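One structure, pasted below without further comment.
Note that the chains take the letters A, B, C and D in the order they are written out, and that residue 1 is the start of every chain.
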Amino acid sequence: MRFPLKNLSRGLKAKLPKLKVEKRPYPSLRTKILWPVLSILIALGIGAILIAAAGVNPLTGYYHLFHGALGDAHAISETLWRFTPLLLTGTAVALAFRCKFWNIGVEGQMLTGATVATFFGVSFIGTSSWLLIPLVIISGFLAGALWAVIPAILKAKFKVDEVVTTLLGNWIILYFVAYLVEGPWRNPTSLWPESPAIAGSAVFPRLVPLYRVHIGFIIAIFFAILFFIILRKTVWGFQIKATGANPRAASFMGIKVTRVLITVAILSGGIAGIAGVSELCGTHFHMKGLGFFGGTGELSWGYGYAGIFIAMLGGLNAIGVPVAAFFMAVMIQGSRAMYRATGVPSPFYYAMQGTILVCLLLGIFLTYYRIRKVKG
Amino acid sequence: GTGVYIATRPAAPIEPAAIKIGFPISTVIEEPWIGAIYTALVRAENELGITFDWSDDIGYADLPAVIREWATEYDIVITDSFGCEEAARIAARDFPDTQFVFGSGLGPVEPNVAVFDDWIHEPAYISGMIAGKLTETNIIGVVGGVPVPEVNRLINAFKAGALETNPDVKMKIVFLGEWFNPPIAKEKALAQIEAGADVMYAERYGVHEAALEKLATEDKAIPLFGNLLDQYELAPALVVTGPVWDMWPTVNYVIESHIQRDGESFAMDLAEWTMARKGGSKLAPWHDWETRLDSRIVAKMQAEDIINMVETRWAKILDGTFRVDIDEAVPVSD
Amino acid sequence: MEILTYAFFITFLAMTFRMATPVLLGTLGEAFAERSGVLNLGIEGTMLMGASTGFIVTYFIGDLWLGIFAAAFIGMAMGLLMAFLSVTLGAQQHVAGLGITFLGTGLSFFLYRLFVAPAGGVPPTIVPFRPIEIPGLSGIPVLGPTIFTQPALVYLALILVPIVGFIFYRTTLGLNLTAVGQNPKAADTAGINVFRTRYLCLLIAGALAGIAGAWFSMAQSSQFLPGMTMGRGWVCVALVIFANWSPYRILGGALLFGGIDALQTTFAALGVAFPYRILQMFPYIFTIVILVAVARRATYPAALLQPYRREG
Amino acid sequence: MVRRSPVVIKMVGITKKFPGVIANNKINFDVRKGEIHALLGENGAGKTTLMNILYGLYRPDAGEIYIRGKKVTIRSPNDAIGHKVGMIHQHFTLVPPFTVTQNIILGLKFPKGVLKVGLAEKRVTELSEKYGLKVEPRAQVWQLSVGEQQRVEILKALYRGAEILILDEPTSVLTPGEVRDMFKTLRSLAKAGTSTVFISHKLDEVMEISDKVTVLRDGKFVATKKTSTTNKRELARLMVKREVIFRLKKPKAKLGKPALETKKVSALSDRKLLALKEISLSVREGEILGVAGVAGNGQRELAEVIAGIRKATGGKVIVKGKDMTNRSPSEIVEAGVGRIPEDRIDMGLIMDLSVKENLVMETLRDFSDHAVLFFPKGVFLNHSAIDKYADKLISEFKVITPSRDAPSKTLSGGNLQRLILARVLTRNPKILVASEPTRGLDVGATEYIRRKLLEQKKRGAAILLISEDLEEILTLSDRIAVMYEGRIMGIVPARKAKIEKIGLMMAGTPLNKIGR
């Protein structure tokens, strides 16, 4: 005789309320803000469990997290310093995703930008800042743009999936950079594999002496505003939105979708390249090789991947992205401070990043769908 | 900022228990180089009563900022600054009252930056001498991390040692390009073993596993030489010995100086404290080698009278009659 | 340098199979996911979770197969999460997958730190899978020392190829899941549970990715390290397109990739004078070139990336 | 015989709500064994919804279903199949890269889960011979014609032992000849005891094939009649609750110069097969040229070549005497061509963008004609001009929308089409290419759109009207061209057009081979 499991589960099902998922045709602004915020709170709740698992009181943990990120001028400066590349990569990704160019290669485009900027920054020692800083920025922009436009062209011409090509591009440039700094570009006076220092005149001036926030911050804000203006005010922004929403229809209505794709790739990759330049000229001053675990560059440090997260968290939206980038900067800065203060293992931050993203997807879902109990 | 400089000196000398040491590190604690410092700090905590905190995986981008944070909280900040030498020094400059001890490839900076590095080329040379005696195929394999000077000088010293005892030795040297990649290190070691290497210098983790596999499946006993730490636990039957870095003399010296100078900071190159004569570098202990090592290796070692050779040479190094040259050029395969 | 020798060839060939193994396992899993219409970019994170969980379990319990089982199980848990996000919630598959990868990358290291506390000395190790000689077959020249003298997971991966082929082309499950990936509405109308099928495929994909990850910590080495899968998960995502979602071509693709990887590793190990960083770029460049070559012929599952939701 | 046979399906009080509409409102519906039961009703009356409920695709909000006298809950198509119910959807649910047999056995259980394809192929062949449903079991479905695909769908249901067959508008994709064959099959199935629910708008067909008719209107049950006791006029009244205008009056317009010409235009389909074979047409100002034909015979490709989104591989497209072959869509719009695409939702509009954005989409240049700071014209959008323009069109074309900023996806089907019309017609195009302009729209919307087209003709526009709806073609066109397999079978003046002749052409007989 078989155990009547099926009947049992049927019976149980009958007892439980039936749930039904239905679309909210017009989610209100309240819903649109409520759910993402709630999902972040849920994520922080899961984070509390992780903190507790490490034997630390979650409240103490979160206190150190927020204090370490915003508690004093130094902490705020550090948070803004970290905010700079995050805002740039977040904007780069959001722009690309807006037109459904799935640019997962921002990490690599950062490295490309920094690499070319290194070339100029090292070669033109003695040049005035007024010349050299624009030069490294422009060259970094172009290099990042090049690294993004290749997958865009492959997509447009050969229909090669850009998710894969941009991703593989990250690894190619990573090893190429390692080759350069360990070989031909190796700094003769340094023991670690890195390029020689860039010219002092290429170093991004700091905004406040002694604090690490530098003009890269201003540049990042500039691009965030540019992103806002492009989306809201320009013909091109309109075309980007249309192409992203439905390329077939956009092309039917006279939008040159290939051109939009390519130009978006150029700007997206360019901004990513500038993120690399900003890290080079504002933080590291040398081109760096592989990060410790080999998966990312020491210079880009996974900012490119974090940009994807930020873009999504910010709803690909010109206002949401800076907010998300700031949130992220606080989370990174704060969780590291928390780790140093309490000993919660440092990978906490990465685990937290994934948790937030997963919760956020749930939040987005609940923004647009409602779960209702139905009778019978 | 550190607040107000207190001009009046404390009447009583500094108690070791009052000394707080900060140990923020760019890489992870699992890394053997870091492990050596950590071990010494634990010993200082136990034997001297100092307190120390550590924090890892900081990355070179953040390290300067963390140095600033920790400078105000700790009397002594020990860290690795290889990837951010300048920025770390700039950060240290702003805290003249804090003692900094950098694991660094560059020199010390007045008034408060002392530097150290692992100068363990001497035991590496001796290890090479043993390896030269143990090889039968005259091929020795080396799997190194990244070709930076502190790695290069070890491999070069190892090679010089091997050539001294066996001029026919050929070295196969490969770098991972990373500090941590045991799967690939194992594959590279296997390739070298297949190509005839019968003694391996495991500069990095993963090589042990290749040798263990050969022992388990083909009953091949490949003598191994560890690096930085006493690694015999990883393969008790195969790890003969290896250069070991002991940070205790350095750490001890830094704490003593701190006390002697009443907390006033100093700058110096601590290199000598990590070398053989001060006990900062040595060969990994033998650990009952005659019973734990594979019998074939034991037989060979006994036949070649290895222990005697090592002890004689080590004594010469200690009394200064034998010097191991330092060669930091990137080593290449023969 | 003695390159063109028999010994070199054997070393290279044997390593090819080992380098191919995790990629083969992961790609077979990815084929399940994508054939049913879900692009799983979470594979890299799932692999890392497998690597860490497999190691931790083996470290404490001491049984390799239990470790593999745990790796597969945690992989399925990640697959379940992916399914929940992409199938039930209908989230963007790219984003859900990246979320899984972020999560897995961080959590794998977090768990390792939590359970296997850092000692500051030599890292903890396990006794990993060792090569097993297949009686009778291991004596065959060339094939014996290469194919038939390998750790068990290599055999597992190779045996899975015809099994997966059988499932895809000869069973109702295979027909159903392919239909779900091509036209979920048609499948639904034909009485196939689209959701359950996609869940199942993602669970299988997760389990295989988990085992693929365990390969790194339990066979190709004997310890866990953060990020130790070295981006092999991403390679799987590329290979499955290259292989046109067919298990036999996946075997070919994995061996080709493994071959290039093995070639650069052996070259480097034997000291061939070629910058090894450039060699390291090869597998990735090669994959892109292949993708460009096959792109026009690639027949994507028509419903890939599209969440299915029954109206009403 | 019909009266005596038992009731196999009884649906009682079925109610189904969608956001904003009650698609089914307490509907009762019975089908007897061996009966062909027509389900009649306007667009949106709720026919498909009712049948989707029976087939387990939708869950009813209220109501009960009895099959063969037993109360059942149908949760999924699987349950329905278990009750021997089979459904052939209007949009086929086949897997294109699968073979006919694979499609037929899809979802079926096999012992141990291992497929027995050979055995299945044999059964497929048997079944297809038995009911005259000719198909090649090993052919891949994407290579089949629409008619063949429908046969696969029917075989799929029969293979599962369906005794109750639901056909949702099965004839809309068939040529008159194919319709005859299908009716033959249906009759033989009925004789064998299969019950059929036959959904259609076409009164002639309903009168010809059905035993009984149930009429729905606005989601409500109206009446069930025996076909033999009713007539077309009564059914039409029941359907729309008013006398139907069967013919609009065609206004006279002054014929002008040829405005749109295609000369031997050829093009490939998405599958890279030759879909257009040297099509030559000419439309004059003040004229509507209707293109009739069964779907998939190259109409879409023709419209797309003219619209500039498909490359012509040969021949010329001439607009007002100028060669516009393979020009970009924007150049073609610029040249005065208005385009109403067949696929409103996926091509004509961008559903995620707002109503106003969709209205200005084709004419962005007109709304970026001011320089801002040091930026030239064409960079920044003039939002206030856009808003004004959008408001004007919304009121002029009576588009019902919550606001000009509402996403288009919140609009109903008829309003979506009005949106497209507003965008296109407000520019007074010299040439209009309208594909299936009233497909899926209800009578009110259909009338509105047809009137607008006739207005344009009167104004002097040259209109190319592509429609599968023969009635629409006959109602609106001045001349009728019939397409079959990428070729024009013939062009006839609408006045003289005979349905039979057009039917023959739709089935592939060129005009010059048809006797008088």
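Basically, a contact is a pair of C-beta atoms (placed from the backbone, for glycine too) under 8 Å apart; a residue touches a chain by one contact, two chains touch by 3 or more.
The structure presented is a predicted model; accordingly, all values stated were derived computationally and were not measured.
The pair with more inter-chain C-beta contacts, choosing from A-D and B-C, is B-C. Here the CA centre of subunit C is 45 Å from the CA centre of subunit D. Here the spacing of subunit B and subunit C, counted between their Cα centres, is 36 Å. Once the centre of each chain is set as its mean CA position, subunit B and subunit D turn out to be 77 Å apart.
Multi-chain contact residues of subunit B (touching two or more other chains) are listed as 28, 56, 177, 180-181. Residue numbers of subunit C whose C-beta contacts span two or more other chains: 225-226, 228, 230, 277, 280. Going by the touch rule set out above, the chain pairs that meet are A-B, A-C, A-D, B-C, C-D.
Contact residues of subunit A toward subunit B in the complex are 74, 78, 81, 178, 182, 190-194, 197, 210, 212, 279, 283-285, 288-294, 298-299, 301, 336, 339-340, 346-347. By the touch criterion given at the top, residues 50, 53-54, 102, 104, 154, 158-161, 163-165, 167-169, 171-172, 175-176, 178-179, 182-183, 293-295, 305, 308-309, 312, 345, 347-355, 357-358, 361-362, 364-365 of subunit A touch subunit C in their complex.
Across the complex, subunit C is touched by residues 16, 18, 49, 52, 55, 57-59, 76-78, 80-81, 87, 89, 92-98, 102-103, 105-110, 113-115, 156 of subunit D. By the touch criterion given at the top, residues 170-176, 178-179, 182-183, 185-193, 299, 302, 310-312 of subunit C touch subunit D in their complex. The touching residues of subunit D, when paired with subunit A in their complex, are 19-20, 307, 309, 328-330, 333, 339, 341, 346-353, 357, 361-362, 364, 368, 378-381, 383, 402, 410.
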